[in-house]
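Can you read through this structure? Questions will come right after.
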Amino acid sequence: MITLLYFARLRESFGLSSEQANLPADVADVRSLTEWLRQRGGAWQEELAQDSPVRVAVNQDMADPDTTVHDGDEVAFFPPVTGG
Amino acid sequence: MITLLYFARLRESFGLSSEQANLPADVADVRSLTEWLRQRGGAWQEELAQDSPVRVAVNQDMADPDTTVHDGDEVAFFPPVTGG
Amino acid sequence: MTVRIQTEDFDLGAEILHLRRGNTGIGAVASFVGLVRDLNHGTTITEMTLEHYPGMTEKALAEIVEEAKRRWNIIDALVIHRIGPLKPTDQIVLVAVSGAHRGDAFAACEFIMDYLKTRAPFWKKEQTEAGAHWVDARESDETAAQRWIAPST
Amino acid sequence: MTVRIQTEDFDLGAEILHLRRGNTGIGAVASFVGLVRDLNHGTTITEMTLEHYPGMTEKALAEIVEEAKRRWNIIDALVIHRIGPLKPTDQIVLVAVSGAHRGDAFAACEFIMDYLKTRAPFWKKEQTEAGAHWVDARESDETAAQRWIAPST
């Protein structure tokens, strides 16, 4: 079970700010997790398209596609930041 | 007749903050004016020594040795600035 | 080193006084305030909403401030970032850095702002007369942040 | 563009509010406050006196601010410099610059400070327990000012 968080445009597109998910055995890193979410189709497919600039944080640290994902992790998806 | 102003350490060394002076005919620029003042000896000779870092402003603009000096000008002598 | 995320406004003068308090070795305080402009790319902004990632925001800002402290000889630093709805001319962010000398204070302050703009999880949504939209990240912000990747002098 | 020489203290928050007043296009305010430190080169300072060249000071500062306005895209700028006797932790100088974006505001603010330190006719006299002395100009200030002589980006 991991916690998934969505922020800003993604939160609105998905109509969801967070969810708990049981990952399939073959989802072990950010790349495969993103691919798994993309297969939900619709907004998921669009927002998480391979050329999209979506950022991912694992346990509140910026991650890259190779970052591993474990049970109990908090994984957040969001657009490039625009604060300040 | 020109107005001479002295600031900071120079003002204290000369014991003078300003004076009116009639210049000899051969004093035409900052270099010759400084030399003329140096000839007063004592603190003047010391503070205005050729290797001293004294700054000169003519009519409130920074000047160099070649800047000309005319009747009616305001010429100021002071150390490198240390404000801020 | 203080990092605060808040909906309330802040008082620049009072914050700087507090940052300075008790340290007689401070010779320089550099600060930056970011404000909501009423125009962005030619469109009139009526309101703006700032969303953030609670938890990660504080962590990211604390790391940025720690990095600034490693790189420059500074005494203290303060970051305040507002969230929620804001209007044109409202204050968004304050970054203030104290130090003995101005060069380090200026550099650390600008560094923190540049990194905050590209690494702290905040998102702006602008409300205009034509509707609401999420603000796109600006390439110039990434360029500004990249400058600091080379070792600083 | 405002330049003020005064013996009285100034209120950073109030001055920045005044600088911003009436301009809804301001997205960035960079500011700097210089303060009297109680230690300089290891010596305890009990008091400091700032002397200036009335007339030339205002002229030099106005020219520095105009030069900043030519070089960067800024909206307004403010310089306040105090004169007379000051004590440790007292404010000496405020430079504040407003603009649409932060890069220009930061650069113009630091430029004005660096030029003020080397080109505006102020002199500091420090009072220590061992007596009073005029502060020597620092080579590092000249170096900081020289950076801006190359065309800015």
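Per-chain residue numbering starts at 1, and chain names A, B, C and D are given in the order in which the chains are listed.
As a convention for this text, contacts are C-beta pairs under 8 Å (C-beta built on N, C-alpha and C of every residue); 3 or more make two chains touch, one makes a residue touch a chain.
All values reported here derive from a predicted model rather than from experimental measurement.
Asks: Enumerate, in label order, the chains that touch subunit A and subunit C alike.
Replies: Output, common partners of subunit A and subunit C: nil, no chain qualifies.
Asks: Give the label of the chain whose average Cα location is farthest from that of subunit D.
Replies: For subunit D, the chain whose C-alpha mean is farthest off is A.
Asks: At what distance in angstrom does the C-alpha mean of subunit C lie from that of subunit B?
Replies: 48
Asks: Let me have the rounded angstrom distance from the C-alpha centre of subunit C over to the C-alpha centre of subunit D, please.
Replies: Each chain's C-alpha centroid was found; their separation is 22 Å.
Asks: Please work out the Cα centroid separation of subunit A and subunit B, and write it as a whole number of Å.
Replies: Roughly 72 Å, centre to centre.
Asks: Mind pulling the subunit C residues that touch 2 or more other chains?
Replies: 34, 102, 113
Asks: Would you please write down the residue numbers of subunit B that are in contact with two or more other chains?
Replies: 84
Asks: For each chain, which other chains does it touch, given as pairs?
Replies: Result of the pairwise touch check is A-C, B-D, C-D.
Asks: Any idea which subunit D residues touch subunit B in the complex?
Replies: So the residues of subunit D touching subunit B come out as 34, 50-53, 55-56, 59-60, 81, 92-93, 113, 116-125, 134-138, 141.
Asks: Where on subunit B is subunit D touching in the complex?
Replies: Residue list for subunit B touching subunit D: 5, 7-9, 11, 53, 57, 60-62, 76, 78-84.
Asks: Give every residue of subunit D touching subunit C within the complex, in rising order.
Replies: 11-14, 16, 20, 24-39, 88-89, 100, 102-103, 105-106, 109-110, 113, 140, 144
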